[in-house]
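In this document, chain identifiers A, B and C correspond to the written order of the chains, with residue numbering beginning at 1 in each.
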Amino acid sequence: MNWVLDFYNYRIVEQYLGRFAEGLENTLIAAGVSLVAAVILGTILALGRMSGRAILWRPVAGYVAFVLATPLLVQIYLIYYGLPILVPATGRWSELTLGIMALSLHNAAYMSEIIRGGIGSVSRGQIEGGKAVGMSYLQRLRYIVLPQAFANTLPPLLGQTAVLIKDTSLLSIIAVFDFLSAGLLLNSERVRPNESFLTIAVGYLAIYAVMMSLSWAVKRWLAGPAWNVGR
Amino acid sequence: MRNVLARAATSLAVMAAAWFTVATVAHADEMDDILKRGELIVAVQTQGPPVSFVDKNGERTGFAVEFSREMAKDLGVKAVFQDYDWKGLIPALLAGKVDMIAGDMTPTPQRASQLLFSRPMFFNDTIAFATKDSEFKSWEDLNKEGVTVAALQGSTYADAVTKYLPKATLKVFAGGGPAVAQTLAMGRVNAMVGGQDYNTYVRQFDTLKPLDGVMTREPLAFATRPNAFHLKMWLDNYVELKTADNSLRDLLAYWWTSDAWEKDHK
Amino acid sequence: MQHYVDVTLSILPFLWSGFIQTIWISLVAIAAGSILGFVIGVVRSQRVPVLHQLFGLYIHILRGSPFLVQLYVFYFVLPNTGIEMLQWSSEMAAFVSLSVYTSSYVAEIIMGAIDTVPRGQWEAATSLGLKRIPILCLVVLPQALKLAVPPMSGVYVNIIKNTAILSVIGISELTRQGEISIMRFPRDVLFVYGLIALIYFIYCYPVLRFTRWAERKVGGGRLINLD
C-alpha cells in the first residue's frame, strides 16, 4: 500500500473522519431540508407566475429574476445580516436555520422555473383521455399527469439538486461546518492538499451517485411496467 | 536492420539519460532558478492591512509585500506577486507555482512537517474583542458556559479558543475578518478572537473594543517548499542581517506595531 | 448618505476592474465550453457504444463534484505530472477548467434537444437517401439548435456566477475585488456586497431576458427532456 500513501495518505484522513462525518451531516441536513422547502415554495411561485393577474405574476417574476441574476453568496449575507434588522426575532435563530432559509429561498426560484415547465408539458388531451376511460381524479393524477410531469421535470430537477448540494458549502461563510469545510480544515491544519481535495471530490460524487440511483428508482416506480416505452 | 535500430534506441536512451543528469545538475537548487529567471515569485494572500493588502491607490502593499520587495532588490531580481485565497496558498507553493509564501502564517508542527518555514519574522498577539457594552474585561472572562466566540475557519485563532476558552462555544466563519467583526457588532456572537491586526477593522466599529490580555503570542514566518533548503537558509540569514542593521525593526514599527502606515495608504 | 457615496466612489474603480475580468473570463469560457459541449452532445446523441458511456461519465463527474475541486485539479495537480504543456498560468487554468465545466452542462442540453427532434424526421430523410452525417447536419441540428437556445442562458448565468470561485487561484474577478474593498470599509460589508450583486445583476439579467426572447422566437417554452 506504500504507493497509495505516497499520493494519498489515508492515515491523515482517518484522523479527520469525525470532522468529515460532522460536515457530511450538516451538508445533508441543509441540502435535504432546503430541497423540500424549495420544491414546495417553488410550486407556489410557479402557480403565481402562471396566473393571469399582474399583481401576482409580476412580483414573482421580479423575485425570480433577482435570485437568478445575483450570486448566492450575496443572498446568504443579505439573509444573515439583513433579516435580523427587519425581523429582530430572527437574530436568535441558529446559523444553520438561517442558512437553510437562504438556500430554500434561492432554490425556490430555480425550482419554480422547472416546475412551470413541467406543468406545461402535460397536454390536456391526455387528461381528457383519462376521463374518457373512466379514471377518477386521483387515478388520473397517479397514472397520467404525475408520471409525465415528473419524467419531464426530473432531469432539470436533479441537475438543480446537484447544484444545491454543492452550494451548501457556501454556508461556511456564516459558520455552518459543512463537508467542504472539513476538507479545507484538513488542508489548513495539516497542509495536505491531495488528501483534502480528493476526499471532498469522492464525498460529493458519492452523494451525487446515491441521488441519481434514487431518482432512477422513483422514475421507474412512477412509470410502472411501461417505463421503457415511448423512447 | 534490427540491430541498427536497437543500437539507435540504446544511444538515444543514453543521450536522454545524460540530458536528464545535466538538467538536474543545472537545476541545482531553487535559488539558481530564481536568479536565472530574474524573478522572485511570491504568493500572498490579500487578507487585509497591515500584512498584505491593496491600498487606496490600488497598489499592493503591506509588511509582507514590502519585505519581499527588499529581498528581491537585494537579490537583483524582480518581485512578482501572485495573489491567492487562503485555500489556494499552500497548494500553490507545493505545486511549484511560487517560490515562497509571504504572509502571516504560523509555523505549527503539522504545517512544518510539510513545508519549510523561515525563522520567525514577526510576532502576532492573539487577542479577543467584544462589544463595548458587554461586561467582559479581559479574555479570561470569556471562559464561561453559554458564551459564543467567533474565529476564522482553519486559523490558529480558532485553535486558541478551543485550547484556552474550553467552556465557551466556538463558531468558525469562512468569510474573512471584517465579516466576523460584523457578526460581533450585530450581536450574533459574544466575542471574537483574532490577531492584533484585527485592530484595523475593529477601530472602525464604534461599538467594539479589544479585551485586556494576550491569549497567545505566535511567531509568523514565510514558507518555502520542503526541499528548498537554500532558499530557507537564505531567508534565515536575511532575517539575521536585517535584524542586525535594525531595518526589520523599522519596517515592523511602520507596519505592525504602530498605525504609521495608515496616513500613507489608507 | 454622504458616507455611502464616498464608499461607492472609492471602491468603484476596483469593482470595475474586477468586472472586466469577470466579463472576459466568462465570455471565453462560455464560447469555448459551448463548442466543446456541442461536440460532446452531438457525439453522445449518436449512442456510439463506448463513447456514449465515456462521455456520460465525464459529464457526471463534472456535475457531481464541486467546481473548487476541479479548479484545484487543473491548476495544482496537473502541473505535478511534469508535462510541460500542462504548466498553466492561473488565467489559462481558469479558462480551461471553467470551459470544461461549462461543456458538461451544454452537452446535456444539446443531446436532449437532438433527442427531442421527432424520429419521423430521421426516417423521412433516410427514405430520401441521405446518409447519417448529412441528416444530422441538414435536418436534425437546425431543428435541435432552436430548442437548445432557451435553456442555455440559465447555464451561462450560472457560469458567470461561478467565476467568483476563481479567486482561489488568484484571479481578481468581481467578488474578489469586492472582498478586497471590504478590507478598507469593514463596516459596510452588506453595502459592498449589495453593490457587487447589482453589478452581477446588470450583467446577468440581459442574458436571462434573452431566454424569454428566444422562447418566443422558437414558439413557446417547450420543455426539453435532458435525460
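By definition in this document, a residue touches a chain if its C-beta (ideal position, glycine included) is under 8 Å from a C-beta of that chain, and two chains touch if they have at least 3 such contacts.
Computed from a prediction, not measured in an experiment: that's the story for all the values here.
When C-beta pairs in contact are tallied for every pair of chains, the largest tally goes to A-C. Most remote chain with respect to chain A, judged by CA-atom centres, is B. Inter-chain spacing, taken between the CA centroids of chain A and chain B, is 37 Å.
For the pair chain A and chain C, the distance between C-alpha centroids works out to 19 Å. Taking the mean of the C-alpha atoms as each chain's centre, chain B and chain C sit 34 Å apart.
Residues of chain C in contact with at least two other chains: 68, 72, 76-77, 189-190.
Of all residues in chain A, those touching 2 or more other chains are 77, 81, 193, listed in ascending order.
Residue positions of chain B touching 2 or more other chains: 87, 91, 94, 179, 182. Chain C meets chain A in the complex at residues 60-61, 63-69, 72-73, 76-77, 105, 108, 112, 151, 154, 157-158, 161, 164, 175, 189-190, 193-194, 196-197, 200-201, 204-205, 207-208, 221, 223, 225-227.
The touching residues of chain A, when paired with chain B in their complex, are 77, 81, 84, 91, 95, 172-175, 177, 181, 184-185, 187-193. Across the interface of their complex, chain A is touched by residues 86-87, 90-91, 94, 108, 110-111, 113-115, 150, 153-155, 171-175, 179, 182-183, 186-188 of chain B.
Contacts from chain B toward chain C in the complex involve residues 46-49, 53-54, 56, 58, 82-85, 87-88, 91-92, 94-97, 176-179, 181-182, 185, 201, 204-205, 266. By the touch rule above, chain A contacts chain C in their complex via residues 65-66, 68-75, 77-78, 81-82, 113, 116-118, 120-121, 151-152, 154-156, 159, 162-163, 166, 169, 180, 193-194, 197, 200-201, 204-205, 207-209, 212.
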